[in-house]
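Next up: the structures, one after another.
The following pair of complexes shares a single chain, chain A, combined with chain B in the former and chain C in the latter.
Moving on, here comes the complex of A and B:
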């Protein structure tokens, strides 16, 4: 079609973009929620009204009250304080996973997409191999062999998530490589690594960044699941996933104790996903990926 | 207004607006046009003129966010009032539409027979055999006589064949009026002529009305009985082709005519209209052409202009026409004045020497496609060499070989004394030498600049890549920008803020940053509007004179090659079929393919379309794709 329509589409896209850039109500709430979780993750022990480890054996499985806002668990620990302190493992693990797989995945994806040929074949066959391994099984086997540990689970999840990032970044890179601006840089003699870092990556960064938020959300859920199964944090640690499984038995005595950690997991994951989507949309106007 | 007798379709005071930031922005305003039965009407304009939107309004296919007002009268109805449901009875059945891009117009998962079958009239229920027979009859009407084509998928057909299937689909419900939106723009010249003469022939036999939308005045002249010249959303001139060709009565029409370089002789300087097409909404209150017109005075900016009848059927929107009419004609005479043919001096040292180079591409490990077949070619120091060929001729592959983006399968390439057959085997010093010898300008200026980087950054990168310790980079960027005719302040801008012509200038400035001795120009103007093409061509010619820069100019356009090259190679299906001094080749072609190519170049008279029997599939319209 003629350039008129293209120009028109560009302009409407611009409209959409500027509309999206103004925070919608939902996205604002998501940002506030994620912000609150970050504050709890950093300052948790200071914010918690009571010691999350202190046991009040006289007051087990108590209903919510003015002393214990969300009641107590089977060992009489304050559920509200444990939810606040539990944000730490819920946030930092996924953060490490997201950043780790972002870094490794981008490096591998750019290498594979830019160089192609043997480099691409080698990296992508490794990716295929990783995708064929059942994640949960690996974690269970490793936990069985060397004992369950939160940071081991995090490390494993980094390695298991890298292929996901690699594949997304490689796809986006493949799309950019044949474009004339890349070829122009090649004919000028710009070294390959500069082309990748200064030309290709900025143009695909919106995809890579948005993807990282999705990785964060999914690894939050994965880590919580592992804790729930007893393969993550050590017993006794305040952690949303572990609380979910520990307090399962209190479903009739103090249902809040198991519902609130579950809701926190779901809300944090959802908020991260929505923030990721919003970023994807508002960054999509940049670069050559549109 | 009432239906004038004989007018099948009448557009009255059409205005198309875009809603933007709560405000209406005009993209087309005050367009009047009429199509009689059996008449062909041309709408000519560049991108941004609103010609495609006018066509879309007539077929009820305006994109969302656009609204049309005015009247489109057809069979005593105003089509603008129709609901989408009512449109379905009109579109295809009463008004047919042919689109530009034959590559995306047909559903890729359906065979041609299914595409045509579903376009046939739904009222008559046909059994399978009858439907099949009808499909084959329709395909035969558009010149596809091989029944096997009906069972192929669109991607198995060449561009020309796809366009034929598209035409057959548009005609399937026997419309009374056919709207053709740039039906031949995406096709090769030889295919273009076949397609256009097919449309013309079918229109004549069926007695349909035809609205042809094109950017090419010569095509419109050959095809149409009446031409509307559109500029920035308004009609600036109306007239019969012969009259318009003889004496255009609007400075813009004249500029557009002169921007098409002549095929039969070389001109001293190519005519170009300065500046670029304005935003239609910005010029509703004045003559839209005022900023680019050499005759503009104050009265041109005072209030909106409208068409007024000059003589007979001719209308022009130029308010100063009586005063400048003689001057217009004088400028035209001067602009087409010929220049002496230039004799190439082939004895100069060879900067590029390509010997018996072949290039094969392997598809999915099995089939090989031979893009270049023992091509030999040379370009001397400070020489202007043209390379002409249609798509699939291998001309772009050759360009990519010359700058090291591909590697030859056989043969040798020597550039500036360095064996450049395999760039990956070269040392640092040789690579540096080659990059300082040859640079490339790509076809598409919209993707050849990094969208994330400013113009200044892009050019500075080229400078610092050439020499790490370059000093005064900012000053050199400014110098390069002014050398290609851009203000220095543009260094701050991102490519998105620039028009196509400006981007191509930036691409040239970037190539110049390495101080090359030769530019490989791969169709550098084919993505640009006609009125700015000449600006870039003149720039390249000026660099040749000022810097002693040689170039290899690759194009499909014989008229352009006539203007810019001294020596010419003609390529066809991976081979050089003819070469020689440009004038010699174009005035006395030896190879049958060159003869065919010359015949296919659009000419402003109807003999162009009828000089060979249409309706048969010629060499370029081969059944299967060439690639």
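Moving on, here comes the complex of A and C:
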């Protein structure tokens, strides 16, 4: 009987250990992948084996070969080089959105959560209103009115993403406010702004940072979608979303030219989401045991 | 009438007033698109048509451009209520006609995808919860992580390549004629559109079922020897439906946004494709009409979801939201 129980315990322990290791493997692959995308985004033009804009009109829609690893597109441009250089618009726009939304969302969320009352009601009304708006559609309609441009879309997406961060930060702040350390700081006469910045924020920063990775992933998808619809980057720019739509007609001739940019978008977004989830779990777990 | 009935009616009434207020705000924003566009309103409405004193005068009269902003808005709103949104700057045809001709395709696609989302999402989510930790459960959790982060236009292109180009099971583009033809042509778009929403519903259904499965009344029902089917429908499904109703508003938004991308990916002649074409061509009257239509659909659907939520869950404390 005891042997059975021991074996059972051993099994569960083994199970937990192996699962943790497997999770570690997935997350480290994600980190490696994101690292590779960052390198491509910064040094893209140096890494690309060929000029991403050069048109080889004699070699149009060609299959992959040793000269063109992923073949060429309808204008004879090297797809492999374009994928590498395309990391730039896939990385920097979402980065700006994530950071901008992080800053504004944290300020508003802390304000609402700490002060409560009318400030909270006002901010949360606005958040609720923005919450039901389909973000991408607003960007499409506004782009249709003022003209499409990548950085306009980025600016608009910052504003439309702020409610998301605000809600998360406010929820986390609300949990901290009734805790004894906040009360203690108040009793000691520490000014409200100081309490929020030096005492509350360090306790919720892990949640806010994990959330930022999720925001990055969804902004990447939104921006790539806009470029795919022809409302993002200007025509001719190497961009994964735009390549996907430009090369869609190549599905019969050189399908890899269409599939690879799409897979890059999906993999980068998945990696960012998984890193965000992992951060959320490990950092939140650390906070709970302390 | 019972107290609860009166309370529900009051709440619905209040929601209706809020709905009307929101429609006014949204329509003001939608109307302002005309002035948000660079250049003056006449040039925007002219589009590519030649600018002559006659056309300018005709447009000024038609849209009352020489009146104050709020008067213009009011006239525009009156016309909009009668579904008159002016004419497209691309085709010079009335906007409402173009939209009416494309609406059936988009509705078919939307309803098809919605059925897939609900049937597959709730079914798979429930199964995964019943066999918690099993192979199916882990598979479902893994697939939904990837599925949630894969944008619909990427999934669409991959599905198009595999099932239409390589295997030839489905047509590559077009809308088809007749019910069977439409069904065949819209299956890949509907599956693509449903993918992300399904993952979302699976996740929530699984969590909802896991929450209900461990409750005392379910254990007691099992102990009384009730059949598994009876327990599933009478005890599990009813309780698990509540969280699913609450996410239906978000789901609808994601379906509409997804439909825009999916219609462009598969060249489906629907409203989403029209929206993108109008945005690329700066066709303001068309943009105004489509965005107002979508806004009203989303607002009304959210209201309906709230009402269903009230009716399904008798525990909700009214007036305390």
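Quick note on the criterion: the second predicted complex is superposed on the first by the 261 of 290 C-alpha atoms of A that agree within 3 Å, B and C clash if a C-alpha of one lies under 4 Å from a C-alpha of the other, contacts with A are read in each partner's own complex, and residues count from 1 in each chain.
Throughout what follows, contacts are C-beta pairs under 8 Å (C-beta built on N, C-alpha and C of every residue); 3 or more make two chains touch, one makes a residue touch a chain.
Everything quoted here is computed from the prediction, not taken from an experiment.
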Mind working out whether A:183 is in touch with chain B, chain C, both or neither, as first, second, both or neither?
-> first
If you stack the two complexes on chain A, which partner ends up touching A:203: first (chain B), second (chain C), both, or neither?
-> first
Chain A: partner with more touched residues, chain B or chain C | C
Regarding the shared-chain residue A:143, is it in contact with chain B (first), chain C (second), both, or neither?
-> second
In the superposed arrangement, does A:273 touch chain B (first), chain C (second), both or neither?
-> second
Per the touch rule above, chain B residues touching chain A in the complex are 18, 20-21, 27, 47-53, 63-66, 99-101, 181-182, 403-405, 431-432, 435, 439-440, 442-444, 447-453, 461-462, 465-466, 507, 510, 513-514
Inside the complex, what are the residues of chain C that reach chain A?
-> 22, 33-34, 36-38, 145-146, 148-151, 153-155, 157-158, 160-161, 165, 172, 249, 253-254, 256-257, 260-261, 264-265, 275-276, 278-280, 282-284, 287, 291, 294, 298-299, 302
Can you name the residues of chain A that touch chain B in the complex?
-> 1-5, 7-9, 11-12, 15, 179-181, 183-190, 198-199, 202-203, 286-288
Once bound in the complex, which stretches of chain A touch chain C?
-> 129, 132-137, 140-148, 217, 221, 224-225, 228-231, 241, 244-245, 248, 251-252, 255, 258-259, 262-263, 265-266, 269-270, 272-274
